[in-house]
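Look for subunit A in each of the two complexes below; its partner is subunit B in the first and subunit C in the second.
Presenting the complex of A and B:
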């Protein structure tokens, strides 16, 4: 299943500074929970604790699936479909 | 200077006296002199009038400064500000705001609402400057301006209402002066205070809309909770590097900051403008949009950016608006059974200070650190050693000490970095390593890192206290500080 993963707002620093990652996931049943573990194992270069805390993303990172807050879509239980876009955005605080 | 009477002219006048054949020439010279005189007199008059104008401007400026300073609030615990009331637009206002008055959706009604609205801008920096100037230009009724800080030279690339001449002046006063010069009819209330849990509710209660233009997590939580408790909409903007974010919190059933972020981020994941950098236009864009959202809220125009988050990416040139959750019923401050019913200690809650100022950290024991003076002696005596600069390459382009090797902190533990260090140590025939960075924080982390990776080599590894900033301040003032 092809999906696009995006990391922005500084979260891209966790994945070697690259914002967009088109990925092809094996099999068909992919929940966001499973995706998070996959990202941790396959994309995160160092300091995984800056991405995950427990079984969810760490405080300060928002997850948006197809530009919609994942909270409206079932969070960890959301099942990905072909061509989904999952955006991890770190909240900025500078001014 | 070009009109000064030349020496030859004077000589001509002297020699010409009594000599007939020079009569014509004398006449000619006389005419020339008279013309010159006239010109000079005219010039003088012009300069005098210019001088008078400047004098008047200066006096007006001085009056403005005094007026702003008279309003400066340093103790906000019980300051009194009368309510803003709507009034019919006068001729001056009609003329001044005509181009927005003829917009059917805004119109005189929108203008009247805006001119009776008071907006509090918290943070007079990269976001606060553009927000303040556009709100003032549009004719907002009152602007409260909070900042505890003073203007620094490194602010001016993005904090565009401050000036070279006002370095060292309170930012709230500096913004107020620029705003007054654009629109003298906006009521200005500058506050030179730190927004604390003690004063936040008192100040916020006097305003209709609050703009979060701050630069740190603790103040963002404080401002959010204060706006929920005081029931004010919060227009929140932020910017870093090439990205900006914007949303309206606590408005019309939409979420508050805490609904999105019940827990604060780990402090080490938060980057400020001083460390991460920021292109000035980026907060400029977001600050303008904050002004826009405030104008929409004040006048009832359009749809406020509530339950939506706007993401601006300067490098891609994109604006993207994503859909957010509504207010959470279990939110600790705006939910159905709130547990936060008064303001708390936000620095403690976030584990981080309520400023974006750098704080020096002390991670190493004293014997593993040297002062810049001690390190100067090492260089003067030519003691064999290896100097590792652990900053990013772009920072070495700004300034660096000669004969250092550059290995950024993040690369320091990598095998090829270790190989480079080992090779250098053997070619210089030393076991002495000094680590340096910008301010002396990362260099301590570097020492710790190298101590573990080079443990078998028996090296003496130290860091330079205060980094290149201290070196520039105490040893070599020709080195630029950034």
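Presenting the complex of A and C:
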């Protein structure tokens, strides 16, 4: 399943400074929870503790799925579909 | 299943508001966000017509959204303000020079003139050179102390009536917590004020006092505003980092935590008889100071005399030593050693990356 992962607001620093990552996920039934673990294992280059805390993203990182706040979509339980865009925006950088 | 906007406009919601839990569509979110800031501005009577207002602009998310909103509300509600962007160039290669490029683009995008004041012009030192002297341990003290005055000095040069800063609700709640943890009662009293002004200084206000960081970031994202987001290369402000992480954890459990903490900060009162430092004027540079000589002048003197650690400890302790060894710098050496032990950088009440 092809999805696009995007990192902004400073979160791109955790993934080599690259904002957009088109990825191809094997198999089906990809929840956001599963995706987060996959990102942790496959994409995060440095300071993994700045991305995940427990089984979710670190508080202060906003998540938008197809430009909609994941808090409206079931957060970790949301099931990805083909061509979804998942965006992580860090708010923890200075203003 | 998409959720519909809570306002009943039948469009699909794009975000959940942290403050109220409402699900809002993009247009209703923009409207509510802008109207709340307008309400904050009018309720606190932050401006009067014909005010010349400097927007403290770092190129980061808060000040970029602030510049956009100030322009928009000034036009929509005929505030009658003359706006100017005021940026401070700390002289940090690879950090500030990039963010200043963002501010320069904002100048064009929002048609607001820009004034940049640099540490080099004001103090004769850039942060790069200060770091060469002091290393990476107390550099944020220098940067913060100098920045606060730099804004005032820039604002004085421009002859503005008021300064607005992009401090948001999260920043203020963090500051409340930091001031409590440090026992800094004087700053605890001041830090929740929407306007800070003292005799002879230009009033500063925070139109985003009640605006959540999440909404600022969402607003910037949905409006596709051009902002800069890279950590300062000279180490983050660790203490604030802890306060911030703690608040974010609280917010996760209870979304109103941020406003609740601000409310608590506002409600603290100091009992009669507690001695608070009174704010006066620095006898060297004339800026506001709770000591006879302001922190910036003390730090600057240290740098210029090749004793950069002077001024990093308790101001009263340093003055004592200075008094005793007025004509002889040997005393300062002793105070240097002492301050190493105490090492309580009287930290400043402002966000490290923002002003």
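Following the convention adopted for this analysis, the second predicted complex is superposed on the first by the 91 of 95 C-alpha atoms of A that agree within 3 Å, B and C clash if a C-alpha of one lies under 4 Å from a C-alpha of the other, contacts with A are read in each partner's own complex, and residues count from 1 in each chain.
By definition in this document, a contact is a pair of C-beta atoms (placed from the backbone, for glycine too) under 8 Å apart; a residue touches a chain by one contact, two chains touch by 3 or more.
If you're wondering where the values come from, they're calculated on a predicted model, not measured in any experiment.
Once the complexes are laid over each other on subunit A, subunit B and subunit C cannot both fit and instead clash. When both complexes are overlaid on chain A, the residue A:50 reaches subunit B alone and has no touch with subunit C.
By the touch criterion defined above, A:91 reaches both subunit B and subunit C.
Of the two partner chains placed around the shared chain by superposition, neither subunit B nor subunit C is touched by A:28. Applying the stated contact rule after C-alpha superposition, one finds that A:81 touches neither subunit B nor subunit C. In the superposition on chain A, A:18 makes contact with neither subunit B nor subunit C. The clashing stretch of subunit B relative to subunit C, chosen from 4-12, 94-102 or 436-444, is 436-444 in the chain A superposition. Residues 8-10, 58-60, 62, 64, 67-69, 71-72, 89-95 of subunit A contact both subunit B in one complex and subunit C in the other. By the touch rule above, subunit B contacts subunit A in their complex via residues 123, 125-128, 212-217, 220, 237-241, 243-245, 260-266, 268-273, 276, 278, 283, 309, 311, 313, 320-325, 356. Those residues of subunit A lying in contact with subunit B across their complex are 8-10, 50, 58-62, 64, 67-69, 71-72, 87, 89-95.
Of all residues in subunit A, only 8-10, 13, 58-60, 62, 64, 67-69, 71-72, 89-95 touch subunit C in the complex they form. Residues 2-3, 12-16, 23, 58, 60-63, 166, 168, 171, 213-214, 216-218, 221-222, 229-232, 244-245, 248-249, 251-252, 351-354 of subunit C touch subunit A in their complex.
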